[in-house]
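You will see subunit A twice below: alongside subunit B first, and alongside subunit C after that.
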Partner chain A sequence: MWGCDMDTILSVFRVEILIPWLLAMILGIFVGAMPGLTATMAVALIVPLTFHTPPIVGLAMILGVSFTAIFAGDIPATFLRVPGTPASGAAVLDGYEMNKQGKGPLAIALDLTCSTLGGTIGVLILITISPILASFALQFTHFEYFWLALLGLSMSAVITKGSTMKGLISMTGGLILSTIGLDISTGYPRFSFGSTYLMSGINFIPVMIGLFGISEVLRSISITSHDQLGDAAIISNVKADFRSVGTIMGRNKRLILQSSLIGTLIGALPGAGADIAAWVAYGMAKKTSKTPEQFGTGSEEGVIAPTTANNAALGGTWIPALVFGIPGDSITAIVLGAMMMYGLKPGPLVFQGSRDLVNQIFTVAVISQFFLLILGYLGIRAFTWFFKFPRNVVLAGITIFSIIGAYALRSSVFDVGLVLVFGILGYLMERVTIPLPPFILGLILGPMIEENLRIGLVKTSGNFWPFFNRPISAFFAMLLLLIFLYEPIKILIQRKRN
Partner chain B sequence: MTKKSFRLNQEHIIGLVCLIVSATILSITPSFPKGKANIGLTGPAFFPDLLALVFVFCGGYQLWYGTVNATAYSSITLNTFRNLLKKKETRTAYLVILYMVGFILLFDVLGFLLTTFLFLTLFLFRLGVPKLQTLLYATFFTAIIYFLFGWLFTISLPSGILAYVGL
Partner chain C sequence: MKKAFLAFLILTLTIGIVFAGGAKEAKYPTKPITIICPWAAGGGTDRTARFIAEQLSKKLGVPVNVVNKTGGSGAVGHGEGAAAAPDGYTITNLTFEINVLKYLGYADLTPENFIPLIQFNEDAAAVIVSAKSPYKNVKELLDDIKAKPEGTFKFSGSTIASAWDLPRIQMLMAYGIDPQKVKYIPTQGAAPAITELLGGHVDVLTCSYPEAAGQIAAGALKALAIMADERNPNFPDVPTLKEQGINVVGGTWRGFAVPLKTPELAVNTLRKAMKEITETQEFKDFMNKAGFGIKVRVGQEFGDFMINQYKALKPVMETAGYLKK
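This part shows the complex of A and B:
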């Protein structure tokens, strides 16, 4: 369990941790609230800065930035009808309706309190479940890890928006990219064409910055007219009204708990992030509500459910990431990469080998919720100023931070080139509706899948049977089959009925 | 009966790209060494070959899907690209890519300070920021990044030609 003693709590309250942590949370509010800029992009921007800090500082920054960015996306969703991040899509429906009825300050106050509560419940479930799952995961061998990684990757391909085939293409593209460089077993340089840069493999950081940062810049520029690029996003005053929040939340205790559980559970599924969690929680809230007809017309329940679930999902995404080394979404995919850069190997052994660090991560995650409440409140107040920032200046800032961030990694212009190449690729992929998260997950999980598959095959002298005849392996294999067959079977059944 | 002419759409292009990538992989991997104890499955070519085969399947599916659902997608011709180039916003996006290429080529030669300032000036001006504000923002961002990366994190940023004047 969580070793939350006074020493652990005090260890994260050092100035060298606290200042970058709080600054990252402030950045998260700014990026999350800017429509079009996602929480993933906020994390991608912060990661290059964390390579030069101790692991706990970097992880505190990443955790903090993700929590605030997800909440901040709800601010423009409530006041502008424009979700700041995809995770705020569901918050638009009733938040904006409440704003139209003059209850915007109440909606955003409810939103902030529910985000904090949802985030706390998600983190507490993470703290409780992770060590139990980790001890179970210790029984896993190469065969189980192969299936588990493949399962996580496939779920991300199936669950992400758009067609499953395009998800599979994106995932395979990432896996193919992961094979560039020295072969893990023989040391043979694959697809490096004599380049020393390629020999060491494609680093995921420039790829991720390109895919999520530069592609977004290119997309924004190519779809926004020049006159609008210089516009500020909002002109009206933004406030929060906490007076009746306590009473409303007291009335909706069950809904808060239900949405937190849905959020955490969906967050824990690889590939399903905060955005899906928010929509599912909204749908469930409507189904279980006594007044479902009020949803979409400014219902308080319609604000509570998605905003609680999207922050709860963040805690959930850390469960597979920490326990199995399988990212729950694109943010934890970045976190996993960053952890590997710090020399940590996420997986069940991290609970034994780096127990202090894990306890510190849990502590940071809990305390981040309190900071979210304070910074979120200040952020809401500061938004009249924030929204006055011209969009074109923000885009220039993101571009140059992305470029220099990638350069700082290895002081290599080659990495800047990668940022550009993958920025263009990401832009094109989004234009033809190929999802980006499975690509980055494929790149990160590729070595793990290949290593476990090949070591497993060496052990069995090329026999595939042990991949299927062990109980846990067989279960994972069946699950994988079900994931891919679910959609075709559903279509077949529907056709038969019709 | 009217004869339907084949029209290329985005699904076809995705399919073709998948097939080209897989063909490239499958043409390179035969030169890779064999695996341990000559078990081909454990050699360095096994995993890329497997992925290439998945890509062949994906490419084939996309070609079929693009043909069956041809009416759902607009066809792509040379005019599509011409029209894209005519659009001011798309041209700006292409120019930004060009500025980044310039940044990469000049970074070591001109150094961090000059290249970053030049890049930001061109970028901001192109995006319609007024001249004076462009210069102010370009100076501000260059200084912030220099402070953050060069000074705080002591990352070696190239001085380029400014090294000759002692900067």
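This part shows the complex of A and C:
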């Protein structure tokens, strides 16, 4: 399907394309590394600038900024435990643990290479089999999304280390919080207490920044002894370590492929994006790992899975966008709007009518991966500079950037309040060893599970049967059952043998 | 002598203050203007707001910034816009939702909380079905809905009580069908609703024609009617609902307003500048390319339009069961 020729490839290597493209990718590093600033926001700001340029310039900028931003979100996630973008939530788990053991440079180098590789695989799938995948994605409706969300939520059981009960408490907290806001199926404001801010629900981005980031700042400043300061999370010398990356990746070829596929598939679904892809890839990696006990303690596999999947998901989101003109996520939704401004009618005809442009998009997407490798490395180096400051300055800096980022999200002081409240909550939760990730999963997936269940039931007039008898629904239901029954069955079989 | 000096000082200062105040009155704008957009960055309302902000900035010679205050189905942005300082430096991008916020119980806001500046856009709802469906016009579809048992047909388009949901209810009511006879599948906007229709998970879609234009051109979907007063020159083949004997007009619109008590000078300056912008070829090209319909109503005409629509929606909201008691 890729009518690739040298002319198309060379046509994107022109100064008037390359300069804005690279500038956008550099912007992406900054936006991604700033907690609260998301890739979607960067794309929304870039689009009006591109109305007077040829379409490919704008599209190259959008592709570039989104790929670098999703990777750069992992930089503060690894070094500071602050996810830079929502898609980096799962990258916090093992990346930060590795960093605590002084292996931060290795973690980020692994992360960058995996992001690039995952991104490339996602784009290659986009180029080769997007029409098939897009038709497959159209089969998904409320019944299937319900199971997918439930599968995601069950990952909170998989990723919890230590007490399952405490994991459940955390997840339930997130679920309860997610019920605040307008109920989509009736439009009724729930638990809003008359506040218009609560009516829009608790946004998970400020909650995530608070729970992970601010709570870590609080933990750091609560360490009084000077000896302990040395072990504190924030290290003074950040450098990407590429030496051992090759060997590690060689060991985990299957995992990289598996995570890329999960990422691309989930990305291709219009109802789920890079953030859910990363969590599911992480959970599946732990489930299929030979050493699941190492997850959450600085496991290499725990870094590879989510960081590969979130970049792979980006290629996936373009699949329904290019084939059907349906946005795969909030970024491609903006892209489709921009395409109209470029005079292209997004939809199935773009593929036939603007063959050259589609080929140029593919070329740009592939080459962006190489640029990502270089610019990502430079981005890590730039981050090093930030750590040369004394620790108290770094901690203050994190706090300020977290607050600015939360405000920038939708110019709301309410969100700044959320960051602070959840910072304190996160600190307290960790003091009593309640894990934080299940809380975030509950908050993100709660509305998705509820909406899809309820609207699905509206469709069927209250009949539960379509949740089980549609092929994809049935598959997900079985998968879920398998995840939970695998361990007990394994134990049962072992007992019988003995 | 001292007293005389003091008196002189007070006099000059007073005159100075009055003059400075007067100068402020007489000159507008002197500092950056903010446009509050109640919807997310990158969406349709945001794109039009940013375009007009750029043009307005050129015209008035001060920066014009767009700030997205999203949430609560538009309640957050409209609420902050109405409560902003009435000095002419905060403009609110009003959308259709201002007419339903009070009925839904989301906010105590109506068009009467604003001084209207200008309306620049109107997009009629279109009735869209799969190209494979047997219906050739709206009447065939509605007759079939009448004939089939309750709950057979699933409609979609956007959220509950949105600009795409309410015209659907009006259409059904006008044809003598109880709106509860069909199901409404709420989505977070037209794009996911189009996905549902393409996947065959719903039967009918009500949203603007341009939102589904790509699918219609590709032969996957077809439009049976638009709910406008007359046919749209951009897609002249689609008949109006009125032509087919159903007297219903509906859809979304966008415009600008300032808080009550804003000085007359600011109101008039903004109205004049915005009216001039809507007359430029650049504006028309932008709107056409982006698929937004142009409809200009200035000042009181815009205000009257909003109030009339606000009043007319009450029985519709009541029948649909959306009215908060």
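We take it that the second predicted complex is superposed on the first by the 276 of 498 C-alpha atoms of A that agree within 3 Å, B and C clash if a C-alpha of one lies under 4 Å from a C-alpha of the other, contacts with A are read in each partner's own complex, and residues count from 1 in each chain.
Throughout what follows, a residue touches a chain if its C-beta (ideal position, glycine included) is under 8 Å from a C-beta of that chain, and two chains touch if they have at least 3 such contacts.
Note that the structure is a prediction, hence the values are computed from the model and not measured.
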item	value
Touching partner for A:V458 - first (subunit B), second (subunit C), both, neither	both
Contacts of A:S222 with subunit B and subunit C, given as first, second, both or neither	first
Partner chain(s) touched by A:L168 [first = subunit B, second = subunit C, both, neither]	first
Contacts of A:F191 with subunit B and subunit C, given as first, second, both or neither	first
First, second, both or neither for A:M340, with subunit B first and subunit C second	second
Which of subunit B and subunit C A:R355 touches, first, second, both or neither	neither
Which superposed partner A:R251 touches (first subunit B, second subunit C, both, neither)	neither
First, second, both or neither for A:L420, with subunit B first and subunit C second	first
First (subunit B), second (subunit C), both or neither touched by A:A396	first
Shared subunit A contacts, counted only where both subunit B and subunit C touch the same residue	185-186, 411, 458, 461
Of subunit C, residues touching subunit A in the complex	40-44, 46-47, 50-51, 54, 67-73, 75-76, 79, 104-107, 151, 154, 159-161, 183, 185-186, 188, 191-192, 194-196, 198-199, 201, 210, 213-215, 217-218, 220, 286, 289-291, 322
Residue numbers on subunit A that touch subunit B, as the complex places them	49, 52, 165-166, 168-169, 172-173, 175-176, 179, 183, 185-186, 188, 190-191, 214, 217-218, 221-227, 229-230, 390, 392-393, 395-397, 399-401, 403-404, 407-408, 411, 413, 416-417, 420, 423-424, 427, 432, 434, 450, 453-454, 457-458, 461-462
Residue ranges of subunit B touching subunit A (in the complex, touch as defined)	10, 13-14, 18, 21, 25, 28, 32-33, 35-37, 39-44, 46-48, 51-52, 54-55, 58, 61-62, 65, 87-90, 92-93, 96-97, 100-101, 103-104, 107-108, 112, 116, 119-120, 123-124, 127-129, 137, 141, 145, 148-149, 153-157
Residues of subunit A touching subunit C in the complex	40-41, 43-45, 47-48, 138-142, 182, 184-187, 189, 196-197, 199-201, 270-271, 320, 324-327, 330, 333-334, 336-337, 340-341, 343, 345-350, 410-412, 455, 458-459, 461
